[in-house]
Every structure is written in C-alpha cells, then in structure tokens.
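Structures incoming, each one as structure tokens.
Next come two complexes, and both contain subunit A; in the first it sits with subunit B, in the second with subunit C.
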Partner chain A sequence: MPKRQESTSESLGEKLNDALGRPVPASARGVIDAADDGDLFFALTPAQLGPAIAALQGLGASHVMLVGFGFGKAGKRLAVEEVMAIPNGPLARLRVELPAGDPTYPSITKLVPAAQWDEREAHDLHGIVPAGHPDPRPLVVHDPAPPAAPFKPFVAHGDGVYQLPVGPIHAGIIEPGHFRFSAVGESVLYLDARLFYTHRGLEHLVEGRTFAEALPIVERACGVCTVTHATAFSRAVERLTRTVPPPRARLARVLLAEMERLYNHVGDLGNICAGVGFNFGTSRLGWQKERLLRLNEALTGHRYLMGVVAPGGLRLDLDERGLVGLGAAVTEIEHEVRSIVRLLVRSDGFMNRLHGLGVLSRAEAMRLGVLGVAARASGLAGDLRRDRPADGYSDLQVAQIGASTGDVAARFHVRAQEAAVSAALIVDIAGRLPAGPMSVALAREARPGAVGLAGAEGPRGASWLWLMAGLNGRIDRLHLRSASFANWPAVASVVPGNLVPDFPLINKSFELCYACTDR
Partner chain B sequence: MPLDLVRRLLTPLRDPVATSRYPEAAPLLQFATRGMPEIDPALCDGSGECAEACPTEAIELGISGAIRAIDAGRCIFCSACVIACPKGALSMGSRVELAAADRTELIKAAPPATSVRPLDGQVRRQVLSRMGRSLHVRHLDAGSCNGCDWECAALLNPYHDIQRLGIDFVASPRHADLLLVTGVMTRNLEEAARRTYEAMPEPRLVVAVGACAISGGVFAGSPEARDGIAGVVPVDVFVPGCPPRPEALIEALLKAIELGRASRPEVAAARPE
Partner chain C sequence: MIPSAAVTTVLLAALQLIVFVLFAPFLTATIRLTKARLQSRRGPGLLQPYRDLAKWWGKLPLESNASGPVARYAPPVVLGAILTAALLVPEATSRAPLLGWGDLLVVVGLFATARFVLALSALDAGGAFGGMGSSRDVAISALAEPGLVLALAGAALAAGSSDLGIISAFGIKQGIGLLGPAHLLAAAAFAIVIVAETGHHPVDNPDTHLELTMIHEGMLIEASGRSLATLVFASELKLVVLAAVFSAAFFPFGGATEIAPGPIALGLLLGLGKMLIVGQGLALLDASIAKARIMTLPDLLGLASLLAIAGLGIQVLLP
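Let's turn to the complex of A and B:
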C-alpha cells in the first residue's frame, strides 16, 4: 500500500472543505487510528456526503463499496460508510452517522452508479433508506415484510414484446439466479437479473465471533475464490492488529492466489467453449483444470485451497512434497492450455461466436465500476496486484494484460494471457519459496471500533473486505464486497441487443460467482 | 483449414487414457489430502481442546473429556482439531469415501483408520442393470458456496467421466431419477427446491452433498438458511465433505442406487433387468 503523503491528506482536506462549504470537523479529518494506516477518514452529515464524493471524484477516485452498519447501544443507531479509492493514493472512508429515528440519507447512486446494489443491500439488511434511489426494489431479501413493496421485475412493453423468465433453477450444474428477458423475436430488449438466492447471511453470522472463528465462514463465501477472500480477510485483520506476516507466508499467498487464478481461468476458458457447444475445448481444458486441482491438493491437502491462508500468515504450511515438481507440472499444463487455445483461436466457427458478442464499452465499464478480467478486456487497467500490491506482490512484477474490444472474445483472450502470467509467477515462486516460519502471532489486539480495510485481486477481480473490530478481539461488523458483486450489473447491461441464446455464452465470459455475490 | 482440423482430431489421440478407474480402483489421493480425522485413543488425554477449536462443533466429548465421536456430517476437514490437540492424538486420515444412508451413521466413535471399500468391481454392471442402464441425475444448488457444485461439474470432466458408469446429468427434474443437492437450503431457495423435488417422477432419490446440505456446515445457525436440506426434501444418502471430492460423490450415487433398490422395491420393479 503506498504510504500516505501528508500533503495528499492536507490538500484533500482543503478540497473537501471547499466542496462542502464548511470545515470538516478537525477531529474527524485524516487518519483516525494508526491501525488504519494510510486510510483517510471523514465524518460527514448526510447532506455533506454527495458533495464530498463529487470532490473525490474530481481527484479521479472510484467507488469501492458502501457499507451499512449499526452502532451504539444494541446497534440502534445506523451509519453508512462510502469507501473510495484514490488512484496512486490512499483509500478514503466517508462515514455518515444517521440521526436516531431517521434512517434516511440522500442516495448516491445517481452520482456513483456503481453503488446501486450497495445501497439496496444496506436497505435490505440494515433498514437504511437511500432517499431518491432510482431503483429501490428489494435486492437481498426476497420476501420483505409488509409494508415494504414486494419485488416486481422490470419488463419492456410493446407490440411483439414477450417475457422469458429463466431460473432460479437452471438446466445445468450452475448456481441459482432468476433472469427475466424482455425480447422481440430472439433479440433481447431488456434483462432484469434477480440474484441473492444463495444468501446465507454470512456477514451477520460472523458478528461477535473471533477472527479465527470467522475465517472458515468468510473463506466459504465462495468455493472457488477461497484464497482471495481468506487473503482479504487476513490482510484486514493484519492491518487492525499491525501484524506483518513472515516472508514465507507473504510469498506463499502469492503462489496460492495465482494457483487459484490459474485453475479458474483454465476452467473458465473451457466453460466459454461449453457456451458455444464446442466440446473439444470443454473437455480438453476440463482435464487441465482437473490436473491443476490435483496440484492444489498436493500442495495444501484441499482441491480448492481452503484452510490455508489465515491472519498472521498461513494456518497450514505448504506440503514440500507438493512443492517439488510444482513448477514443472504447471509449465507443462500451461503449455497444453496454450496449444488448446491456439487451436480454438484458429477455429473460425468458434471465434465467430465470440467476436462482437456482449460488448462492454470502456465508458460503461467505468460507469458501473467493473473489475477484473471484464474491466481489463474493456480497456481499463485496474489490477490490485499492480495498483495496491500487498504481501509478496510488492516485490514482484505482474505483467499487465489488456484488450479493448470489450466483447466475449476480448474476455477470452485476457483470460488466456493472464493464465500464462499466473503460470510464470507460480514457476518463479515455487522455485524460491523461502524457508522459515509460516505465521506469526497477531501483534496486538484490534482497537474496538477501528476499521481494517483490505483487498485482494482474485480470478474475477478485486475483492474488498471491511472489518470493524469489536470488544475482546471479536468482530463487530464485516462487509465483503466481492468482484462478482461489483460486476453483476454489467452483465445485465450488456445483454440487450444480443440474442437470447447467446446469453449463456455472455454470462460465461464474465463467469461471476453467485455465491460470492449473494453471501 | 483442413490442417487444423486434422490437428484437432489428432490431439486427443496423442495422450494416454486420462479416465479414472474408480470405483474399481481406489481414489487418487495426495500425501497432503485431508480425509476424515483419525483418533489415537491411547494419546487422547481428554483436554477437550479439539472440540473447542472445531468450527462446526463436529466433535462430541465423553464424560472424561475424551473424544466420544466425530460427526462426518459436520466436519469441514479443516484440521483445526489436529492443530489444537496438545498430545498429537488426532491426525487427518486418508478416508474420503464417507457416504451413508443414515444421518446417525456419520457420527462415528473413533473412525476406522483404513478405508472399507463398500463397492467392488461389480458396481458398473449393477448400475447398468438396476437402473435400466442409466441413472439420470439433476443437480440442485440450495444455497452452496459453489465448491460442491464445481465438484459435481468435475464428474463430467475426462478424468472422472461419470457417463462411463451409466450416470449422467439431465437438465430437467422431470427427467431425473435422483436429485443431487448442495448447500444449506437458504430461505430464498426453499420454494424453488421444493418445487424441483415435486417435479420429479417417482420413484425418486435424494443425495445431500457436503457439510452444508447435511448439517448447515459453517453456516449452521444462520437465520437466513436452514441447517441442511433434510427439512425440505427427504434425504436418501448423505455424503460428507467440504466439498466432497468427485470420487466420494460417485460412491454416494452408487450407494443411492443400492439403497434405492433395497428400501424401495418399486425402483427395481419399475425397471426390469
């Protein structure tokens, strides 16, 4: 994380003061606690939130997440906190404590379209009302208690327009979601996606638990982004407790994160073939993914790398017998993947389905705050491994991959190239993982009320974790903003104009986790 | 591009057969594989620290404080108990085939150290004859983390290749003999899950996949979900794991067929050999 420069904070404070027309309380300006090293924190009134966000946007800052939470006695007072990332600068946290008895604040969605789902979630889970939200329908809670209005899908009307409801149970081994297409003939006019079927109440469940107790739950927000979530959680705890994991753990985390990216990308390339109905690619790449899962198991005892990353370093050390030969095996698999991809790319029948399909423009990607592969395929550069390197990434060069056309083909190419980058990183690290302890004890207890904020770049983009410490080293409130959560609105936005039968392919090219999103 | 076409057709011929011989052969495990925890009762001093450390309360202690039983239906195979034990009485075993038809069967005192292979080389023929040469499976995500679902999907890859056993996944519950359910059963999915089950023709079988579907797993106690699927659909076979590996899923499917015939004569009657 880049060290905060005093001047940045000062000038930001000035700019915010100008924007708000009155001074931000001095006590609330700047860093509130050394545990939040580098984060800027501002306490604002509901009316000040919009202008402060606009001022930060003027500095190029982008939305990370909006967190709703309760505080005070029995959590009776409510607050929202908007987190924004300033490019090459610190994270800014804008907190608005809502007056007792009035859970309303002016919605920021019109200013920050990427915050649309965050605000609806804060409403459903905490009863915080974003006044003026353009789409205040229920999101997470499917059966809101009256007097709340039940969910009604948005549909298009007109001559020849029909509705096609699909899901939540789909015709394959896929996660549940309901898609309501408004179509004319085979062309989609509008798509309304309803998710959160797999909402398990994860964030509520970890409240009051110790960090160690919460880890396996947070890790299982998603079965194929386990390293990403466990790492984001661990970094958040480490920031709260001023803990620095030992060198072996810092590099091992990179190794695990890249293994996770590699098996996901290889599998996702195969699934894009499945979306086309090209069994050759599905089957060949499925086999390579299985080989990678086997390497995962040899390394950690778990095919999906669960139970390894933990606050302070690693819970379980990597198996030396799994490390031996890892580089050679990954090199061979990467070579196979590359040759399969080469064949796919030369297949006109296959590529014709991918080109020009599900186009996400750069402007739309930016507007909706799209992350990860999808963003990089649309000409955006964001990658936490490069932008805010943590753990072993600070000493590594991660090659930048990108494409500009924003279609399914671009996302296919970006994945294929990123898989090669990941393989190279794994080969590099597997050969020089330092010996030494795998973890350290947490350096101190987290100060109650302090917030640890950390991210990790996963296979689908940046996953962010907001962690407020409670008493006795327990969790007061946790919010997990996965990359899938941030990207879902973009899937629905690119579908109109494409054909209904192309939806599975477009969906697979984003390859978002429902479980990550729903939690 | 004829050359490319030839190359594409030849590529698979270059490699040896990838496909597993499970269940005739043992599952392919690694040194580090975390199977069912095993206890050495001689070393256990009754400190109870394993039960304290277990994130899913899978360990039941006796009056002396020694381990009375470990519930495979709750275990997430995280090895927290092994790390916590001051005496080294616990270790992660290599037993991964853990399916059982009875929930209580999963709660075992001192799980045996060696795997008892419940199915032998005759399995393939049994499957073919008992289910009229096929078993059609419908997958249902009832609120999982996606881990179990990817292991279900892995059954279709060239290694596990479940179709070689006469088993396949189908798109509609109306075509299914068996419902393979993953996840805790969230509130938002209860109705859809119930209706999926009701859409199946009888006789129908249900397999609960993974700790979540059996007991709620790490999500047990959440007000947004039930602790497992049994309250919504009747379960025939439970398959522990977090997630269960593909071999464990195959074992569970074969067990379901076995039991389906024993406990429901109409399964066999409906499908003459």
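Let's turn to the complex of A and C:
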C-alpha cells in the first residue's frame, strides 16, 4: 500500500478518537498491525461499538460484515468484529472482546440495518447475543435447543389474508428456500424468507487447516461464484503473508473473474426470460452460456473454473490453445447475446412484464447494504473492481454501468450492459497476457492472530473474506460474507405490493445463490 | 343397406371414442415437439405422453392428510364429463355420435362441470397451490365463458340451431361462402377461448416448474398416480374436444354428410389434420410470446367477448 494511505489512516484514526469523545487504548489507535496492510483497527468495549460506528458512518463508511468468533483457550472467549469500508479510504475493523460468561453486546442493527443477518448468524453459530436486536429469531439454526424459541415466520393477519408457504422443496430443480407469503387475492402483503437449508459449516470445517487444504472448501461455497470466492480467499492469504502474485497471474485472475461474470450474467438474463415463460430467450441465452462454459473448460479444464485461482497466483497456467481463440470466441458470443437481448427488448409482451416490477429504491438499497447488479440498478455506484481495485484491476478501466429505476427491467439492462463490459475486458486481456510465472511462493508465514481481509467483485456483487491466521500457517478462524448473503433481505423487502405470480420473476432478477448464503 | 339409427350411434360413438382417446396424447406430444424444436431442443419423442400416462396409471395415488373423498372421486368425474362432451361433438361426419342427446350448451355445461369438480378436488387436498390454482382457473374461465358461449351463439344463429351437428352440416353446405366477417369474428373469439381453456401462452404456461405462476398445473400439484394420470389425460382430451368443436362450428369443411365408410374416413383424417393445426398454433404461441401479467388477462378475454358480440351484431344487423 502507498504511504499516502497510511497517513490517511492515521488521521482517520484521530478523527475517530475525537468522535468517541475519549481516547481509545493506545494499542488500538490507528494501524496497529503492519500485516493488516493499512486497515484501521480498534479494540473497543461493548458500549463503545455504537458510537464508533456512528462516527464512521459520519465519514461515509458503510457496513461490510460483522464477524463473530471465539478466541483464547479453546475458543472459550467470544468477540465480534464489525468491518466497515470508508469510501476512498481504508477498511476499519472494530473489535469488541466480550467478557467471559456474558457474551452480550448492544445490537448495531438499528444503526446499521445491513447488519441484521450478520448479528443473527453470530448468535446462532457462536452464541453471541446482540441485545436489543429488533428481530432476534433464529436464522441459521432453524430449531435451536430449548429454551431458545424455534423459528416462526412473520405473517400478516386480517380479513381475507391467507398464507402461502412455498418450498423448501420446489417443483423444479432449484436450491432450497422457504418463502412464507401473506397475501390478499393475488397481492403480496408480506414475505418472510427462511434460508440456510444448505448450511454445511464450511467456516468451521476449515479451522485448523492449512491454506492449501482450505482453498477447495472455500471455493466450493457455491458452484457459480468459485473464482470470486477463491480470489477473495487468495487475496486474504496474500495480505497476511505479504505476497504479491506475478503480473501474469494478476491479469489472468481478471480474465477468469470476467469469464465467471459473463457466463453468470448471460445465464441470468436467460433465467429472467424463464421467469415469464419466454422460452425463446431462455433457450437461446442458455446455449450462449453453454458455449462460455465450454470456453472455460478449454481454458482451465473445468467448466466452472474450479481449482485455478490459488494464494500466490494461479494453481495452473491457462491452456495456450484455449487462450488463442478466446478473444474471437467471446466477441462472437457477445454479439450473439447482444442480438438476442435486442430482440427481447423489442418484444412488448416481454418488457411489459419487467417494467415497474420489484422496485428497489435507492434509499432502501443503501439502507440494506445491497450490492452488485441489484445496487447498480437502483442508482448506487458500488463496484469493488473500481472502488478497491486489486490484482490486474489496478491497471484497468472498468466502465461504470448503472440504472436508476431499480425494477426488474433495470436489473435486466444492467446485466446486459455489464456482460458487454466483461466481454470487452476478456478480449483485451486475452490478447496481452504477459509471459512469466503463474505463481510465487508465499513470501512469509502469516503472523498468528493477524487478520487478512479481502473482497472480490463477483457476478452478484462483492464477496468479502475475513481470515484470522493461526499457528504454523494454519487457519484459526474464517468468515465468508458472500454477496448473496448481503442481498437476500432486499428480495424479501421489495416483494410486498407485487403480485404473487410475479415473485419468481423478481427473484430471478436478483438471482442470488442459496449455497454461498448458507455456507 | 342403411344401418339403423341405434347401430349408427353405437358404431360412430365407438369410433369417435377410440380415435379421440388414442389421439389426445399424440396431439399434446406434437405441441411439445414443435415447442422443443422452436427452442433448438430435440424434445421428447411422440410417445412420451403415452409413457407418462402409463407410468402414472401404474401407481396408487398418494393422498394428503387433509384430502377426503372429493379428491379421490373427482378425477373420474372430470374425465367422464369430458368424455361425454367428446361424444356430443361431430367429428368425422356432421352427425354427432350421440345425436339429439345434447346441443352446444350441454357441451359448454359439461366443460363447466369438469372445471368445477377439478377446482373442488384441488381445494380438497388442502395445499396452498391447489387453492391458488383453482381460484385463478375459475376466475379465468368465468371471464372466458361469455366469449365461448357468444362465439358459438354466432354460429348457431347462422345455422338456425344450437345443435352442433346441424351447425356443422350447415357449414359444409355453405362451403367457402360460410367465411363471412361475422363468422370469422366469432372464430377469432373462439380461438382466444381455446388458448385460455387449454392453458397456453399468454394465459398459462403448461410446462412451468414455478409453483407461484401455475394455474392449471397448480390444481394438479397434489394429484399423483392414477388420479394424476386421469386428470392429465382429461386435459389432453379437452384440447381435442375443443378443437373438434372449433372445426365443427367454424371450419367444418370436408366432413362427411352421409354415413358411409369412405366419406367418414376422409372426414376423420381431415378432422385430425385440423386438430394438429390448432395444436401447432398453440405451440407457436408458447414459443414466441411471454406469459402475460395475470391482471391483464381480463383484457384479453374481454377481447374474445367483444369479437363475438361484434360478430353477432353484424349477423343481426346485416343479414
């Protein structure tokens, strides 16, 4: 990190100290760990957490994630760490170590609505109690052991109001989620979603493992964001070990990330067509997605790009033969997608279904901390590729795509335009990938207790990874905050006021993963 | 030798029943095949609907705890109503197998009975999707019914009888001169009704897996085994009968006017050909347009009524 940022961090630290009204412990002032690469770190008491967050919000900072974890002997002591991102500034980590025997801290959800699920998850998985949380129902563990109350969906009551339970077993082959609609006739009054049916405990599974052992597990949090998660993990490890991947790998990671975005966006555009039963778009775009998956296979040997990105660079070099024709093939597919989208946009019957549906206002998107396509379709500009460029993105211009209406049509258009941007990046990079090694060895061992924090902009938005190093180059704690996790509450929030049969379409316009939400 | 009326009835009924029953799954298969080809898919073979029916028929239905006798006995009643309607429609000849047993209003009434019983059985299973499906289906058919009756009334008014056989015979005699503006308007109205009644785009999506968008499928979602086979077959048969009514009332050309093997065979082939054309039309709709927003369906079905009324008006005012 450049020197300038360090000094900014220092001054921000001072500002935060002033805002808190009293000095925080000297050890917690500003940057305390050089390995954290410029992140701000504060050790706070439970009572200081709220004011510190408010002070950071005053600087324009936004919520990234809240991590609950155990530490000390056998993880007996508990702590929470709220991570916030200061625009054009560093990341801030506010850690609260909770007293032994009383793992309670004042909930921050009223201050940071985007943290609502984070806090509920920390409670379910670690037993950390956010006192005063407006919705303390279980989230991850559906039927906790007594005396905790089991999950009960929120429903509306009144004359003619009925409940419509959908899932977790669906008529089609889709991931499991339970949706409880309260509806009058065909109008939805309220929607409560219950996820985490595919919770596998990945974060617990990697504890005590080496980085190399953990990578395939983290990568498989879900099947369609593999590059995103592997990249976030690798960057976190690289920050911990002060490793800089070689130029070829840095640019190749961009290539892979954009391939992932492109095939997801093309497939998701097709899925929006499926939401209105428009078979033309579904099948044509489905075929283009298949062509992209085959390019992935030619490039890396894996259709979904698993096992390629690794700490230090890439685990294997890209296939030369796959790389040669890549630019031309992607250009052709992009033209094809563009002409299909043009036909779709010209179909009144199709576009009529999309306009004005599932509107996510800018204010609501900001309040809930919505990310990715959904945020950009609602007038927010966030994109990690431009806001916090890492790897090859530092030297690239990524065009900003956006829309303001926040409806299904806006998300459709944003996806279509982003697909074109991704294709252009791929064509550009495929032609000028520098020669050289694909990976370097990790520069040093991670200091036990240090935290590596890294994000990657995936097809559904920014996924963040929080990685605490343990002894002997092993992982102590890990938390993966996927973009889908951050966006799910927004889906439930935009549905009321729409019609019951329009829900699948609204859902598909967000197209969130369940698996990487549930982990 | 002229066979007696009773023998004719039995022979014609047996012929029509066998042909309709064997043809119904095939018609569905051709629709699916065309749709698949239009989506660049290979699609299931033409025998797939038969295999599906055979598979379901071999299984006992699984009943939900909430369901009672209605869900159990509804499927045969639904199928019975459609089968009866099938015998009241002239197909190969302008003489319906059950001549004089009921006119087009009885056919419409039998369809309504089938729908009512099906909706009841969907409610009986106690699932939310059944209730949702039946509520939507009943709402749509209530809107489609005026178009259906008025369109047929136009044809009946021209022929001077509500008996489908007489309407069909009148049409055959008129030949190409039948296709006046009033007649075509009524035919267009009836075509819209077919789309709504058989659950194709833009009204319903016959092969969706999205529970919340289902209409007809929503009513079948709790049915299984033999009950499912019966209900699916009934809806396949309903399409055949509706297509037969459509061709008898509006395009009866080629139908036999005398009871003789040659003309009957020719009429039968032409009739099945017309059904295939109707099916291909539905497949084209499914493949080429999106499903409409559910709240805009009254506009579409209102259009059917309007077309039928315009047809009637022209007929009354400009005889």
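Note that in this section the second predicted complex is superposed on the first by the 509 of 519 C-alpha atoms of A that agree within 3 Å, B and C clash if a C-alpha of one lies under 4 Å from a C-alpha of the other, contacts with A are read in each partner's own complex, and residues count from 1 in each chain.
Criterion: a contact is a pair of C-beta atoms (placed from the backbone, for glycine too) under 8 Å apart; a residue touches a chain by one contact, two chains touch by 3 or more.
Given the structure is predicted, the values throughout are model-derived calculations rather than measurements.
Colleague: Based on the superposed arrangement, let me know which partner A:143 touches: subunit B (first), subunit C (second), both, or neither?
Modeller: So A:143 only meets subunit B here.
Colleague: On subunit A, which partner's contacts cover more residues, subunit B's or subunit C's?
Modeller: B
Colleague: According to the stated criteria, A:164 is in contact with first (subunit B), second (subunit C), both, or neither; which is it?
Modeller: In the superposed model, A:164 contacts subunit C only, not subunit B.
Colleague: What is the contact status of A:350 with respect to subunit B (first) and subunit C (second): first, second, both, or neither?
Modeller: Second partner only.
Colleague: Based on the superposed arrangement, let me know which partner A:277 touches: subunit B (first), subunit C (second), both, or neither?
Modeller: Second partner only, subunit C.
Colleague: In the superposed arrangement, which partner chain does A:300 touch: subunit B (first), subunit C (second), both, or neither?
Modeller: first
Colleague: Determine, under the contact definition given at the top, whether A:501 touches first (subunit B), second (subunit C), both, or neither.
Modeller: The second partner, subunit C, only.
Colleague: Determine, under the contact definition given at the top, whether A:186 touches first (subunit B), second (subunit C), both, or neither.
Modeller: second
Colleague: Which subunit A residues contact subunit B in one complex and subunit C in the other?
Modeller: In the superposed arrangement, which is not itself an observed complex, subunit A uses residues 171-174, 280, 283-284, 287, 347 for both subunit B and subunit C.
Colleague: Going by the contact rule set out above, which residues of subunit A touch subunit C in the complex?
Modeller: 162-166, 170-174, 186, 273-280, 282-284, 287, 347, 349-350, 352-353, 499-504
Colleague: List the residues on subunit C that touch subunit A in their complex, please.
Modeller: For subunit C paired with subunit A, touching residues are 35, 38-41, 128, 131-132, 136, 201-202, 205, 208-213, 221, 286-296.
Colleague: If you look only at subunit B, which of its residues touch subunit A in the complex?
Modeller: Interface residues on the subunit B side: 1, 4, 7-8, 11-12, 18, 28-34, 55, 76-79, 83, 92, 139-141, 143-154, 156-160, 169, 171-173, 183-184, 186-189, 192, 196, 217-219, 221-225, 242-243, 245.
Colleague: Which residues of subunit A touch subunit B once you look at their complex with the stated criterion?
Modeller: Those in contact with subunit B are residues 142-143, 168-169, 171-176, 196-202, 204-205, 213, 216-217, 220-224, 226, 267, 280, 283-284, 286-287, 289-290, 293-294, 297-304, 306-307, 315-316, 319, 321-322, 339-340, 343, 346-348, 513-516.
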